[in-house]
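Each in structure tokens, the structures are laid out below.
Look for subunit A in each of the two complexes below; its partner is subunit B in the first and subunit C in the second.
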Partner chain A sequence: MFILRFLIRRLLQGVVIVFLVSALIFTLLRVVPGDPVRLMAGGMAPEALIEEIATEMGLRDPIPVQFTRYITGVFQGDFGQSFVRPASGAAVGGASFDDSTRGERARVLDLIAQTAPMTIQLALLAMVFALVIALPIGVAGGLYPGRWPDRMALYLSSLFVSLPNFWLGIVLALVVSVKWQLVPSIGYHNFAYTILPAFVLAIEIAPFLIRTLTVSVAGVMAQNFIDIARVRGLSRNQIVFRHALKNAAVPLLNLLGVQFSMLLGGVLVIEFIFDYPGLGLLTINAVMQRDFPLIQGIAIITAAAFVLINIVVDLAATAIDPRLDY
Partner chain B sequence: MSVTTLDPAARVAAAQTVSSRIWREAFASIEFRIGLIVFILLVLAAALYPELSGLDPTKLSVREKLIPPLFLGEGWTWKHPLGTDQLGRDMLSRALTGLRYSLLIGVATTVLMLIVGALIGLFAGYYGGRVDMVLMRLTDAQLAIPMIILAITILGVSRPTIPSIILVLGLAGWPVYARVMRSTVMAEAKKEYVRGAMVLGATNLRIMFLLILPLLLPPMAFVAVLDIARMMIFESVLGFIGLGVQPPTPTFGNIISDGRKYIMNAWWIATMPGVFLVITLTSINLMGAALERARNKIYGGA
Partner chain C sequence: MKMEEAMKSAPVLQVSNLTVAAGEREILSAISFEIHPREILSVIGESGSGKTVLARAIASWLSDPLRITGGEIRFRGQDLVKNPGLARKLAGREIAYVGGNPAGALDPTMTVGAQLVEKLRAVRPDISATEAKKKAIQLLNAVRIPSAHKRFEEYPFQYSGGMMQRAMIVDALISDPALLIADNITQPLDVTVAAQILKLMRDLNAQFSTAVLFICSSLPVACDASDRVMVLNAGKVAEMQPPRALIADPKSAYTAKLIQELPKLWDESTRAPGEERDAPVPVLSIRDVAKAYKIRRRGEAGLSVVQAVRNVSFDVFQGDNFGVVGESGCGKSSLMRLLTGLERPDHGQIIFDGEDVGTASAATLRGMRKKFQLVLQDPYGSLPPQWPIGKILEEPLKIHGIGSAAERRDRARAVMNEVGLPDSYYNHLTGGLSAGQRQRLNVARAMILEPKLLIMDETLSALDQTEQGKLLDLFERLQALHGFTYIFISHDLTMVRRVCSRIAVMYLGEVVEVAPNERLFFDPGHPYSRALLSAAPTLETRRYRPEDCLLEGEPPSPIDLPPGCAFASRCPHAFDRCRAENPVLRDRGGRALAACFLNDETPAVSEKTYA
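Let's look at the complex of A and B:
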């Protein structure tokens, strides 16, 4: 079985990548200055207590020892506990060093599992928006290379790519939510709160889609079989939708795999602006609070997601275009 | 970024003048000229205005606080074309000073990225085998960590200064270049002139740095123009979440983040610098897109 061998090979490679990522981020977090225990215990805690907590948590062991302990846990599905977040609620610890809630801190995996669906919802809606924006512009640009739809595609994508997501988010929140009161945007209470953040994210993704669409549609339309299709009497719409778009789908899929990390970066900032309770906001807060286990957990999970998405993309691409090799 | 497949014959004939042909091709397009003119104007303004106008971007003037931009709202003056912020600092001067830092960081980061990526790709592609495997797995791992998570992690726990921002963004962004470089070097290393040089007894380093690199770097550098804009956005994002160049030095990110608190009664503080940033980035992106198209046209790739 080709597929099986392909899957095994890619998954093994994936494990290596994820392992490297965890080693990288783990070392990085411990090498850079900034003591998380100081933050957890609060500025007023005596030095002796800080050392005591740190030793108790194993933070004073050599880095390889700490990493081995951590990675053993990860392979058993245990990503550790957050340094600062209590299991009971969203309140943030670190105010006083004798805080009783420290005993029951939230598990990293739980925190990620709670927020990930929100981010996936946001990302999927953004993809839909992005496709709706990019398809007409990109296809038109590809059908008339060098003419005005092509120029239009170039100008629009240059403009879209130049809009900083956080600024666009603020402006749209001000105009659409505050002035016109069309859709709500800050926080999250129901699905309507996803619309504006998803739109901002879509504007960020759209230029890449437009460019890929323009190039691949133009490429396909120059092929022989398109001329033959015309001779066969197919209408223009049939040619575009049956042949050109289907062939343009593979580069689009590949783009999704390559740009995954950009998508995630966008999500991070956009969730921060709109106070949208997803993975991105969790990440920013984790970094601000030096919540090492949480940062590591998020980095590992996103790396794994990156690997998996790229495998799925390759599988889907071969399903669409059987000529492609694994 | 696309990896172009090259037609060897056409490539060798064109090798001498590839860079200048790309330049000429790009320069002929309208969008490149528009971008260039706007960009030059903005750079001149950024270089000269804050000093010439005598308006210090960090000088407070409480009496002149919250003046709206020209023609928009009551009490505007020609002295402050983009208005002032909550502490009476001139917005135009602040935005232009922000542009300086933004450009500095954008260009420096992209150059660093290009150098690191090109070198790693060059070694991986030229030596192949085990060197290639180790370097490429490292690249994959780096690619699998979203750049922004890496950047905010490092900058969040250490102190963000201009060199550290350049270093972090540059070291987070190289993998794409490494990949492109590796695949083109692999194709290039099999060619006759390289083998000829080997027969003549040239060392590997000589071949790599005197024959292959000068040929492959310029086309990559053209496309890197687009990355300058991307890095400028990154810098402003970092500034926005408080991990960029620290106040009182004005940058687009920290001005916008600051202005957000006053958005309801002084909308211009957060929005005007953004308009500036968008215009700058659009001009760079227009130039970059024109260069990229020119390169693709000349290489005949997609």
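Let's look at the complex of A and C:
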């Protein structure tokens, strides 16, 4: 009953959020400079032809009219077709305006469905790495506030935060893949290609997790029920692992949700550096080519993912701490 | 339990020359005593006397910078000071501890039952989970937690304070300890609930033959609860005697002073403030006021209605000291919010000086606030920490646009002088003020507008006995000088007995009795008033015995109130009519009113005569 009411309420809110996001993206794309038809047709195409194509595609209609047409399609599961990408394969762009393959351009939903699993795989592995790094460091820091584990947590976080991810990515690719030949990177052929980019992302996320863990573990350890647990006869291990960590988990969970959403939506730099065929790379190319339908599709899908992830996080938090009532 | 009998057996705990220091400063000096099986030893002393440090030292729970610097704590002959490993093994198993803060004592994310089982199995790994659960439920029943099976599966936040303290007692007793350290266990509880917990502790002590070290700060409670009382003063044992001997013949001057300073409820010499009833028109007149809040409850569709205040009617006259008493959750503070116009009543009238506070426009209300002011309970949260005292005092004048800057400054200094704050504090921040000084400042801020009515919402609760006395004297002086009318909202019967001329007793949002001071204390007209009086901590011979006045249990939830009298579920005299029909306030003569069917049937009070 409670869960049902919660889900209905949150999903309805989510629909509103996604709708607003798509309206915003849709409008912004059309008011910023850069004509997609010019890019599609090529620099040499005559002005009259461009106008003709644009009118034919409905790009000269008023924005609300275009948006209504688009959103109606979205509600029917049709995110439109890419302006640029052919359905057949990898070729990008359309150098000549009389390209005969234009009729069979790729469907946006297909493009996203091909790349999203790659990004989800990358994001999940990155979260696992980040947790493996952050849990011991952060928990130790929280258990001994002011002492060396706490200071080490701070120093390590500062170090991780100050490493630029593009630099770390390039250095690791050079050293680990090229020189030592330990794990492959650049492009994607099998799962092993995910490891290095995930590790770079993990280093980027870990400081936030460490900080949150240190603060929340230290906060829980200072609470009365932890203090009194010792006189009640509980062992140190029981106190830390059964009570302190469970109570400290809620802030961490919230952070994980946000971080995971961000990973899904925008690992642009890392995917670009490692030429990793995920959503990020797709987004970069779509933006560079003014591929409106694709950009819109990615934005809507990531916004929806964000909403869903947050619902899951809040549900999990209520399961951990029954006092929470969203 | 006879003491002589206890003395024959070997002591459970022998403390000799125990000295505890924080750095260089001695907190406890050369404490020696012993406790025998089945004995209850009370330790009393004012705050800072080292009671809690003693409790923690025995529980092997001292944290930096506190250290045991000398002496022995022998548990069944073995010294815990020299053997911390043994002390750790005994903690929670043979030596159990219950603290004064039940609200935060268990993990909020686990059910109470799971934690009881966890604790028992931590100290007694040989007991199976099923057995542990059986034992926990059996003990939850023993401490009279209703429907223990269901409660076992509930979370700490679903327990009330009194319930939680019972659960913590179960937590302590579940491992069959030889010694129970009860550190201020009744402190956060309401008097009627605290009385139940004390009774429970004595019963359990007899049933399980546990020795109890009972730490508390109230002499009457300590004497009530124990076989012997140890008085601590500044870290030293002032004396140790059985309660009756202690009161009859205190050996130390300190104890004698403690006993003498205790306020008395039924002493004829306690001068109740007289009622002056020259003015025929009340300053404040409340008629049939009600306020309900809508809340959403977990796991339920729709909103529930909390009836915070119901059917409240009374009159306050010029120069009165009107008291409103009741336990936590009875609606005292909701009523205060209504009286001061912070919230609007759902219906009813609050007539102050000819105008209805409940329906006045925001602008009218602001004007009216000049004439009634509020002083709150919390001396710390009620003052802005970054403002100098002078600025705090001048703010009300500024808000109401009174006087020039120079006039305001003079007025602030004058008021500071009146409440006894040194002139030099004018530019100080509030950081260095004591709780008592802060409350003086709060009073000064309230009276700078020269109001007619001051509402004191638990203003003195955060202060100790001595400071309370001084402030009460101040209130009296200010009243004589300015003709203030006071409304004291309080849970402290001894304070109300001392200062109030008329008193309203509230229970679950309703006023169940309104009576002049002496009438309420000597001839209460409502069973709940008698229950409150029976539970009040005092050394006097009680006029009302708790056994006769109160059934087990706690006030029902103000959500979905049952029909009939709200007190019926705890009233030993309740009969069928009480459960079907809610009694209204009726005149008992002598300007005393009570809402109870046991009183003679007189006509319900008419519009005119709530006085």
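As a convention for this text, the second predicted complex is superposed on the first by the 315 of 326 C-alpha atoms of A that agree within 3 Å, B and C clash if a C-alpha of one lies under 4 Å from a C-alpha of the other, contacts with A are read in each partner's own complex, and residues count from 1 in each chain.
Note that in this section a contact is a pair of C-beta atoms (placed from the backbone, for glycine too) under 8 Å apart; a residue touches a chain by one contact, two chains touch by 3 or more.
Worth saying up front: this structure is predicted, and the values here are computed from it rather than measured.
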Which of subunit B and subunit C A:Thr214 touches, first, second, both or neither: neither
First (subunit B), second (subunit C), both or neither touched by A:Thr119: neither
Subunit B versus subunit C as contact partner of A:Phe272, first or second or both or neither: first
Subunit B versus subunit C, judged by how many residues of subunit A each one touches: B
First, second, both or neither for A:His243, with subunit B first and subunit C second: second
Touched partner set for A:Ile320, first subunit B, second subunit C, both or neither: second
Partner chain in contact with A:Thr194 - subunit B first, subunit C second, else both or neither: neither
Touching partner for A:Val18 - first (subunit B), second (subunit C), both, neither: first
Touched partner set for A:Ser82, first subunit B, second subunit C, both or neither: neither
Residue numbers on subunit A that touch subunit C, as the complex places them: 1-2, 5, 223-225, 228-235, 238, 242-243, 246-247, 320-323, 325
Parts of subunit B lying in touch with subunit A, wherever the complex brings them together: 2, 31, 137-138, 140-150, 152-154, 156-159, 229-230, 233, 236-237, 240-241, 252-253, 256, 260, 263-264, 267, 270-271, 274, 277-278, 281-282, 284-286, 289, 293, 302
Interfacial residue positions of subunit A with respect to subunit B in the complex: 13, 16-18, 20-21, 24-25, 28-29, 32-34, 151, 154-155, 157-159, 161-167, 170-171, 174, 178, 215-216, 219, 260-262, 264-265, 268-269, 272, 283-284, 287-288, 290, 295, 298-299, 302-303, 306-307
Touching residues (chain side subunit C, partner subunit A) in the complex: 59-61, 91-93, 96-97, 99, 101, 104-110, 118-119, 122-123, 155, 157, 171-172, 175, 298-301
